[in-house]
Amino acid sequence: MSYLSTHADRSLDFIAIGRLCIDLNANEINRPMEETVTFTKYVGGSPANITIGMARMGVKAGFIGKVAGDQMGRFIVSYLERNQINTDEIVTDHTGAVTGLAFTEIKSPTDCSILMYRDNVADLLLRPEEVSEAYIARAKVLLISGTALAQSPSREAVFVALDFAKKHGVSIVFDLDYRPYTWTSKEETATYYNLAAEKCDIIIGTREEFDMMEALERRTESSDALTAAKWFGYSAKLVIIKHGKAGSIAYTHDGLSHTAASFPAKVVKTFGAGDSYAAGFLYGLMQNWTVEKSMEFGSGAASIVVSSHSCSDAMPTASEVESYIARCKSEEMK
Amino acid sequence: MSYLSTHADRSLDFIAIGRLCIDLNANEINRPMEETVTFTKYVGGSPANITIGMARMGVKAGFIGKVAGDQMGRFIVSYLERNQINTDEIVTDHTGAVTGLAFTEIKSPTDCSILMYRDNVADLLLRPEEVSEAYIARAKVLLISGTALAQSPSREAVFVALDFAKKHGVSIVFDLDYRPYTWTSKEETATYYNLAAEKCDIIIGTREEFDMMEALERRTESSDALTAAKWFGYSAKLVIIKHGKAGSIAYTHDGLSHTAASFPAKVVKTFGAGDSYAAGFLYGLMQNWTVEKSMEFGSGAASIVVSSHSCSDAMPTASEVESYIARCKSEEMK
Amino acid sequence: MSYLSTHADRSLDFIAIGRLCIDLNANEINRPMEETVTFTKYVGGSPANITIGMARMGVKAGFIGKVAGDQMGRFIVSYLERNQINTDEIVTDHTGAVTGLAFTEIKSPTDCSILMYRDNVADLLLRPEEVSEAYIARAKVLLISGTALAQSPSREAVFVALDFAKKHGVSIVFDLDYRPYTWTSKEETATYYNLAAEKCDIIIGTREEFDMMEALERRTESSDALTAAKWFGYSAKLVIIKHGKAGSIAYTHDGLSHTAASFPAKVVKTFGAGDSYAAGFLYGLMQNWTVEKSMEFGSGAASIVVSSHSCSDAMPTASEVESYIARCKSEEMK
Amino acid sequence: MSYLSTHADRSLDFIAIGRLCIDLNANEINRPMEETVTFTKYVGGSPANITIGMARMGVKAGFIGKVAGDQMGRFIVSYLERNQINTDEIVTDHTGAVTGLAFTEIKSPTDCSILMYRDNVADLLLRPEEVSEAYIARAKVLLISGTALAQSPSREAVFVALDFAKKHGVSIVFDLDYRPYTWTSKEETATYYNLAAEKCDIIIGTREEFDMMEALERRTESSDALTAAKWFGYSAKLVIIKHGKAGSIAYTHDGLSHTAASFPAKVVKTFGAGDSYAAGFLYGLMQNWTVEKSMEFGSGAASIVVSSHSCSDAMPTASEVESYIARCKSEEMK
């Protein structure tokens, strides 16, 4: 069966709404940021990374968002365009807002951290009236990201986009992407995550993210099966719960659960693993592959990204993922 | 059929969540406020007025809200208690917030206005974690009021209350009560009104309020029947649309519409008409009266309130409404 | 000698800059506000009260300030005009700011308190570019009040007014009027009080207010003589330190200190004592009376005000104060 | 004569209070920032640059400020320490504030711009109670920078520092350093610049900066001589007004004015010219050189800095400046 809309008449396979920002990755790695000297600039932000990943794999993609009216904003739009992503609905802020920044620090492959600049950022200033119903109606799939729910007016823009997507039969994917520093309280976070998730077809997140969403239910223990069942009671058809190194589990509304192996990688850093996984997995579903095969493809894409320096710029093409998986499997057999 | 929950085991017939404030009504009427000298103090706020109205009619009522930690806050709680309203879940603010004020100006029976003080008010500081699931589970009916959605954290507190009510089979009534001055933009307002209304059993508002909620749909003309149909697509069973002097129309999810006559009144001011109407109407539904009879009872209560000086303190008992209606009908017959 | 400017060519004897607000005095006294029912509306705010007091005594007075664009604001302007106060430089806010309110509670003559509404008040929105140099140049004396320093842009408006007054030889009186709830921190308060006081000719305040101003000096004990000496090192010629019931002491820059007796009164409440004292005292200085006689006149005015229901509306004329003092003295002699 | 304090008993020659931030200079120059890829990290902020410049020249320097509690903050403190600057009074923020950033763009030697990140920056959170009187009492000279006046509580911290400096006979230098984006209005800016300047011994700024300070005086034309005379009416002994390429003019309170030649330079960018000039000039005054010789030394330091990639890291030693000036003069003679 198909988990994503297959409307033949849509000119865009995939659009995302939300954060567009800049990663500044330290060039000198395996040391604390106090000792790094130079940084390289990349486009970043979870929904941006996923969209770039999808576009690299050949998906016709677009983006709804807001960028700062400065050099950083222009760089972002131009990078997306070079990646064949439609930017017609990316608006430019004129209030003096800035582009969100993420300085990455790689002390070791397993000890990475991010220093965020998220005050007065343009992406959270997208207004509901700047979301085009016609644009959403042109798409098969809409991806929303939890961070865009963190503040007004971006929060309302996402709810408006959800309404338009429902109205036009666009499949909705929710990448939870919970970043505590942009939120006021756990209760506020859970409230809006839940209101959004009620309207989504596919929900992807870590166990910790789903726990946060269940904070108001005051349950004593978390259960993947109960979590998935809750969302099947609303609109969801597929819920993926990620358990870090222990792998991911996908629940489908037919009552089944699905897992897939992951692949070895020369890990440089952990950033970007989730975004490349989501890109690969959604690409798989769009090809009408099984949930298992799609998960495997997501894992392959993730292995490639964690072994390179950036998130967005390292996103592989579909054939690169296929080769990687084939190589891993043949080595395994030896 | 019954439009409200009839759980026999609930110790409270009705609870409301939201605004508790103070009306300061000019004693000298039929003149601009520049020329008034003295004011009389009453408890006010739409959900407070409705709850007081219900309690006067004999309904076992409670309230979830937050009051300022000062003389005004203490006056409100003590007034509710004197009216037999359960105040166990009214919490007191300790941040220095104030009580909302409404100075009323009555230039003539048809030219009334309100001067509001709504900055830093305690009622909008109710937090989601201050909403008791057990308390809501004790009730048959929960009333929410749109103004409580205007700001965080009160907004999230209402959504949490809606979740608890759904979980425990508590009927939900949404009194739209739209006050533009507490909101940032039409789009923000419409977003949260819609998210709340999707979860409600009964929705009561003016035509203008429903138009505001439909702002994002960019429809060219408004239609009561379409408005009602939209909400029957979610949880609603009954939608009342008020057209001022032209009367109200109630749509029920069986496809029928209902109207009822209104009664003559010696109008002193128009304030409080909607709140007393809601109290009377909901009281009627609780008695398992027909929609028409309930609407008539609401109209009777409203006629009594608009002919007196206050909103809350003028709320009639059920037998006062009955006598009034009987008297009006017998005079009519003459 | 003269402590106040005697420019013969000035068309205004006295102007004040700052707070214009509304007092709502409970009509039912000697009980907590929870039990009061009606309130009477008066113009209030320390500099407003002093200006009204001065005008009642026959001084040609004006006011620089900002009022809300509503009924309360219009009431204030019209009341000042009825008291012969020039209101040419009172501007009206158009941002939706409100009029500050003070609800007074009189539990007993010695147990009085005030419930303040000071969020988003118009008086603190006076902008520096709204202060007219020409208007200040028309005056002999400018009175500033500490509360106007509490927030931008009113704070900057006061400093601009001080500069204009210095430039045109207008005597400056600083009524400290410290209200902790409008300030962020003690250090912030002390900083701006000191910067303003450095430019003033006459400083009037309570011992506690002067202590607050000396907070950054981290002195262990307070001394009236040291306090006065500090300000004589800047621009001051006269410093009055009030010790409540123990009376006031005035230091003059010639090294002398001055005290005066107070008069008996049937005290209704303590509000307004300081403002009427200031009005009477400054009126005395304007008549070229001695410091002692001016202090006595201030005490007489204060005794009259504390024995009535309001602050502003109870301000006496000069002959009423004279009669009162004469009566008190003759009774004493008996 | 001496323009700076010569107290022999002071353990620090020079301390500055204010901004500590990070410059991120594009490595690829002569192109718009949209096309740059990598950035190099330096300590920045006008008072930081001046202090580093002074320390390089051999002056015993210290700093009063606040840094973010993150890798950027730790980098700043460690860089200052490596430059022999006392950091005992640099406190660390614990509220989640960030380090101010300045991304520099060098399109051509004469077309440079800066993209600033100044929201929620740690440096503006320095509180008055964090300013140590004892530390200031240990210094000969205190430098303040206008940007530190832009917001509370940093603004109050500067005024407290000024009071302590006055009390202990520490000479005060005011580097105007006006950055419009951190201020609300011209009137607010002028108000606090003037209040601070009234207490300073040496004031250094551009003609445009002095014009801003005179905005409230509504003069029709600006005059260097009138500007200087105004400040001699308060505490100033020396006022330097910079006219860009046309050179600087120094007024001294003896009524004289002074100019000095500037030197040729292979200009890479214009950033840092003012800071290195100030460092060199103040170093000269500390050596008891004439105003002219000090100005020449400042010009030499500026020529060196504008021909290199950074501001802070390029600050020369005293002997480097001397050699440079000697070389320029000998070449001139040829």
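We call the chains A, B, C and D, going by the order they appear; numbering starts again at 1 in every chain.
As a working rule, a residue touches a chain if its C-beta (ideal position, glycine included) is under 8 Å from a C-beta of that chain, and two chains touch if they have at least 3 such contacts.
Just so you know, these numbers come straight off a predicted model, no measurement behind them.
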Chains in simultaneous contact with chain A and chain B: none
Equivalent interface positions on chain B and chain C, same or different at half: same
Selected from A-D, C-D or B-C, interface repeating A-B by over half of its contact pairs: C-D
Mean-CA-position distance for chain C and chain A (Å): 61
Distance from chain D to chain A - Cα centre to Cα centre, in angstrom: 44
Cα-centroid distance, chain C relative to chain D, in whole angstrom: 42
Junction residues of chain B, two or more chains touched: none
Category of the chain touch graph - line, ring, star, complete, other: ring
Full enumeration of touching chain pairs: A-B, A-D, B-C, C-D
Chain B partner contacts - residues on chain C that touch it in the complex: 24, 27, 32-34, 36-41, 70-72, 74-75, 78, 96, 98, 101, 103, 105, 115, 117, 119-120, 181
In the complex, chain D residues that touch chain C: 127-129, 133, 152-153, 155-156, 159-160, 163, 184-185, 187-188, 191-192, 194-195, 216, 218
